[in-house]
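Going in written order, the chains are labelled A, B, C and D, and every chain counts its residues from 1.
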Amino acid sequence: MQIKNSFDVARPLAEAWSILLDIPKSVTCMPGVELTSVEPDGSYKGKLSVKLGPVALKFNGTATLEDVDEVAHSATIRAKGNDLQGRGSAGATARVRVVPNGNDSTVFIETDLQLSGLVAQYGRASGVITAMAGEMVSAFAKNLRAQVLAADRGAGTATASGTPSVGATGNNTIGSGLIWRALWAWFCGLFGVKGCG
Amino acid sequence: MLAGRGRFVDDIVLSGMYAAAFVRSSQAHARIKSIDTAAALAVPGVHAVITYHDLPAALRERRLPLFVPHPTLTARMQHALAKEEVCYVGEAVAVVVADNRYLAEDAVQLVEVDYEPLPAVSDCKAGAQAGAPRAHLDLESNIVSRMLSSVGDIDAAFRGAKHIFRDEIFQHRGGAFFMECRGVIASYEASEGALLVYVSSQGPHRIKRALLDLFDLSDTQVRVVTPDVGGGFGPKGSFYAEYAVIVACAMTLGRPVKWIEDRRENFVATHQERDQYWDVEIAVDDEARIKGLRGTLTHDNGAYTPWGIVLPWISVATVPGPYVVPAYHLEMRSVLTNKVMATPVRGAGRPEGVVVMERLMDRVAREFKLDPAEVRRRNFIQPSQMPYDVGVIFRDGRKVVYDSGDYPACQDAALQTIDYGSFRERQAEARRQGRYIGIGIGNAVEGTGLGPYEGATVKVATNGRITVSTGATPQGQSHKTTLAQIASDQFGVPIDWIRVETGDTSKISQGIGTFAARTAVNAGSSVHVAAVKVAAKAKTIAAKLLDVREEDLELRDGYVQVAAIPGSPGAASDNARQVRKSLAELAVVAAGMPGFAMQDGAEPGLENTAYFTATQSTYANGTAVVEVEVDIETGRVTILRLVLAHDCGRLINPMVVDGQVMGGVAHAIGNALFERMLFDDQAQPLSTNFGEYLLPLATDIPRIEIVHLETPSPLNPLGIKGAGESGTIPTIAPIIAAVEDALSPFGVKILEAPITPQRIVELLGDAALGRTR
Amino acid sequence: MKPASFAYHDPTTVADVVALLAEHEESRLLAGGQSLMPMMNFRFVQPAHLIDLNRVEELGFVRVGGNTLAFGAMTRQRQIQRDANVQQSCPIMIEALSHVGHRQTRARGTIGGSISHFDPSAELCNMAALHDAQLVLGRKGSQRTLDFDQFARGYLTTAIEPDEMLLEIRLGRWAKPQGFAFEEFSTRHGDFAICAVSCLVTLTGAGAIDTIAIAVSGVAPTPQRLRGFEIAARGQTPGHAFYREAAIQAAAIEAMSDAYTTADYRRHLARVLTYRALEKAVARFKSQDTK
Amino acid sequence: MTDTRDISVVVNGKSYGRAVDTRRTLGDFLRLDLGLTGTHFGCEHGACGACTVRVDGVAVRSCLMLAVQANEKSVQTIEGLAKGDILTPLQQAFQDRHALQCGFCTPGILMTMAEFLEENPAPSEADVRDALSGNICRCTGYQNIVDAVLQTADTLRKGRDAA
């Protein structure tokens, strides 16, 4: 599925761009993402965990930064992960582009998300999943923006640790709520009869 | 069965047996970069986790066998376990063998497969376009077969035609969804080199043949047994990768191994049928008589080609049906997609062909403002034209030549039963009350009793017991009853005196199996031929012993006796009781006495094996007429009446045939109104449970009214034709037609199956607002 | 399709249940099992602790209060269908239950499980919305009672906290005579409703609307009441224009879509079924046919 | 991690004591632990009804119930329907009316209909179809099943009148 986002940053192009490319920080802007290691090949390993009441989805994944164009200020982030209990996997390609906007800049993110396996195979849930994915990417964008602002405030310490920014954590819960609903939606595609739990 | 004593594969328990579960691809198309089985192997109770690289050399080198090759086909067969590329969600990647299924599933979710996703082909029409992604990395094109079916001078037919009508018709993917999922048990006795396989199939002989192809074993080492089968409907006639893998597991581990497909696997790994996109044109003269029919069929073959092009071929050959089509030109394109394979499901492509022809008949009727029944009458092949050469070649390589049948009579019988004559009045009256009812007609001719043969051995043991053995394999069609009945007719004994053995390669050496409604025709004829020979031999021996003429003898109640003399039955029976020989006595004589020569060199034993070979298919035919009511505000379709008139030649057992017809009709109703197997644009299946893939329930099926016509086939000694699919084949078309007819005041045209309430409301537009407008 | 391992608990009192909930984070309550068990068989849900409520007898009851009808969370759907009090004072409940699954699932399925699960198309959630239900939730050492609107959070999401459980469902009771109707559309009998509309109505002696309640489920993530219309409806004389107005308002609900059903079709059904439900409820009131 | 429990269950009048995994479904317990293979799994998600058995008289899906939940309860399966070789009127009617083909869904249908007929001695065809709607049969098109159930109701009624 295709998801498009854009947001303004009150920073000149070059600065916004460098903040954006600080992957250890920006990757963690995705709600629930925890960066575990930076590999020799420059790729990043991490976890996406979502606590959903009875259901704990844990994705182990990797992310890579590709096609970095310092002139056009564009790059591609590829991420993919598998649920540890074999319930499916997710792959995402995010094309990021920064363009000047007066003295400030605007960030465009185009994400192509493909879910597969158990979690993707319930038609009744497909609508909710799309909505959920869209909101997760929005949350990512929002967190990224928060991070840029944090840097703007020179609060390097806020993110230097590489842990999710405040924004990310805040949105994590929102993200969880959304994912929660989506997951329940998958479940409800599961059984041929209504009735009750 | 009624008391819970049935014996299905999952009911069989062998000592020391392990349970297996498969790791299946979650990707529609991907490269396998690595598989990590360590965590799975560490689970207590897990004995093996096997990937492609752990398979025996023979299985790594070979791919699954293709039973029905064709010159136009670029065959694509799969490995038993995926090697480096997966081509559909559900493709087997690894297998876990453990103490029980619970543990095996625990381990399956710990096997980590690293996939590199590749672009997938979801829709066959898109896949046929130049520049579409390839369903397999090394494919030149996704189109693996282009086949032309051509009769007469099509260009001339269209050049001269006054009226040409064109329609594009889509028929959506569905499946068999038998209630018993697939299952297999393999047991290998290393000391004797004996492999025993229990499998829920439609023919153990073909499974055995595939195993012989894949494992270097000799014929006598392999025994395949099919116990009770919980429904087949086509897909259980295929050979599947899992069967080879489970045999390999049993041979490697030296323990019996059982794999029972669960319903989730069944949705992604058992063969399905369709999609089909048809783009067709019909040319007719001023009297609405067909001059020619041409077009293309784009067929979704799925990821591999286990049945070659059998399925779309049957569709193409079925289109002309009971009508005179002087010129026919159909180009079939079979397209590989990244979906589970499409192979024959009940009807085997015929219902699709019928939908196409009947939609065109209705189109012609609409354009000419003629009664749809009348348009069909004008185009029917007449009984006087039998045998009728359609001109097209059937998938058994022979020309389609209808052997017999009275198509006009069949349609009339159906129309009369449903009181077609008064329908338009009833329809007008209903509309005055704001109700929308409609009627539809579907005619079909079905090639049944496909060759090459199905053998049967009939044997009278020295204790007088009669056994019939055949390679045919029942899945609820009551074959045993049917075949016992055929044999009992020759011996003059009650059916229950005869034991029928089926589904065991050790009981008869050659067999094909049950599909295409072929069993009654082939096995039935073989039983008949063999029984006749055995009965004759009994008479010959008895005649000698009793010193009477053979022609004076009859078989009754297990005895060969002097036949009743017309007029004085009493006397005859007294006479008979004095001079008669039991089958047991005769069998003993036939078996020969140790140390004595056989009587004038007669073949030993009171038995005979016959392999009846049909010179060509027999052609059954049927007409379905359906009356529906459509709720225009919700789009709900209610079937009010459904009449099916059909001619499957001589009826052996009407109750059994009716059962087959009613079951077949239920499949048609599912295909017409409910069953939709959805995939997303990356070929991820979206319908993987019975809450989303909707099978018809008792509340969705009306009472079915059946009319039998009997035009005996000249092609076999019993004059029978197949009946197994006669309920399904003609019945999808008239349901669609009836819905369209009900909605005719709104000019709705339906060119797809299934048709759902939502779709109906979409087609109705504002009209669906009804009273709320 | 075999469930993953879990630690099984089968307490016999509510006190024990909430204690277990407080103790085990990764736990899941098992009521009738008609939704949770399939999820576990598919291994969608793999709880570390499974707390079985089927031995908690104090949760199975139907109680008639002055103006409420109270159900214990573990009261089986079949038990409710056969309860004389419910049949007598809340006939629409019987009509709604006839659409819930099939006889084997109603034999096990419970009202509390259904409402905790909160499927947008569930008939019992529709009933809770229609009757302004109060939901009694319990956790270790405390209880709280929520109105339906506070309880309903979203798509299969309620206000029940991880350490909380639903104890009792209280429906507002309508005086008789009452007109009622439950109109549902599902593809097959017993399937998930694509849309269901319920209506309760009383008329004045003059035949004008006295009180009316309308609940639409299956369209939005939670069951919706047509409150605006219900208020404006007082004093109006029911008829085509009246039903049509209600239908149009129902069709304005923001609808969900999925691979099978579009938002447009859901809105369309809401419109059609609302018209039918009101018409039938009013007719029933007039004929006093409240069976 | 495996969690086991000792349970005692009366099945078809015979009492059994077994230690079972708490995750084992009732259906698997009957099939694997007791060897009562007449109960079949058709979907394992509560949609097809093939696994229907009676627990304390109530027809339920044995794929949606855990074996531990049957502890101290009485279960009846298809094997417990007939008295020896004497079929019940319902089973007999299924045979007479050709109400089964492959027979895989039949046990679940018989257990469901047995309970239904006890509660509805004089059902209409619509009642029967409604009661049957929780069981999927892919072979028969249901008609002969409906007829067999109606015939049974008839037989039983006549039997009662006679008595």
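FYI, contacts are C-beta pairs under 8 Å (C-beta built on N, C-alpha and C of every residue); 3 or more make two chains touch, one makes a residue touch a chain.
A quick note: this is a predicted structure, and the numbers were derived from the prediction, not measured.
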{"item": "Chain whose Cα centroid lies at the greatest distance from that of subunit D", "value": "A"}
{"item": "Centre-most chain [mean C-alpha coordinates]", "value": "B"}
{"item": "Chain centre separation (subunit A, subunit D; CA means) in Å", "value": "50"}
{"item": "Where subunit A and subunit C are represented by their mean Cα positions, the distance between them in whole Å", "value": "36"}
{"item": "Geometric centre distance via CA averages, subunit D-subunit B, whole Å", "value": "30"}
{"item": "Distance from subunit C to subunit B - Cα centre to Cα centre, in angstrom", "value": "44"}
{"item": "Junction residues of subunit B, two or more chains touched", "value": "102, 109, 262-263, 678, 680, 686, 689-692, 697, 699"}
{"item": "Residues of subunit D whose C-beta touches two or more other chains", "value": "21, 23, 43-48, 130, 133-134"}
{"item": "Multi-chain contact residues (two or more partners), subunit A", "value": "85-87, 118, 123-124, 126, 190-193, 195"}
{"item": "Interface residues, subunit B side, partner subunit A - complex", "value": "26-28, 89, 108-112, 115, 117, 678, 680, 682, 684-692"}
{"item": "Touching residues (chain side subunit C, partner subunit D) in the complex", "value": "1-8, 10, 33-34, 37-38, 41-42, 50, 52, 54, 101-105, 107-108, 188-190"}
{"item": "Subunit D-touching residues of subunit B, taken from the complex the two chains share", "value": "1-8, 10-11, 13, 100, 102, 176-181, 228-231, 233, 262-263, 475-478, 655-656, 658-659, 662-667, 689-691, 695, 697-699, 701, 703-704, 727"}
{"item": "Complex contacts: residues of subunit D adjacent to subunit C", "value": "1-3, 5, 21-23, 25, 28, 44-46, 49, 52, 58-61, 63-66, 68-69, 112, 115-116, 130-131, 133-134"}
{"item": "Partner subunit B, residues of subunit D touching it in the complex", "value": "21, 23-24, 31-32, 35-45, 47-48, 50, 77-79, 81-82, 87, 91, 94-95, 98, 100-107, 110, 128-130, 132-133, 135-146"}
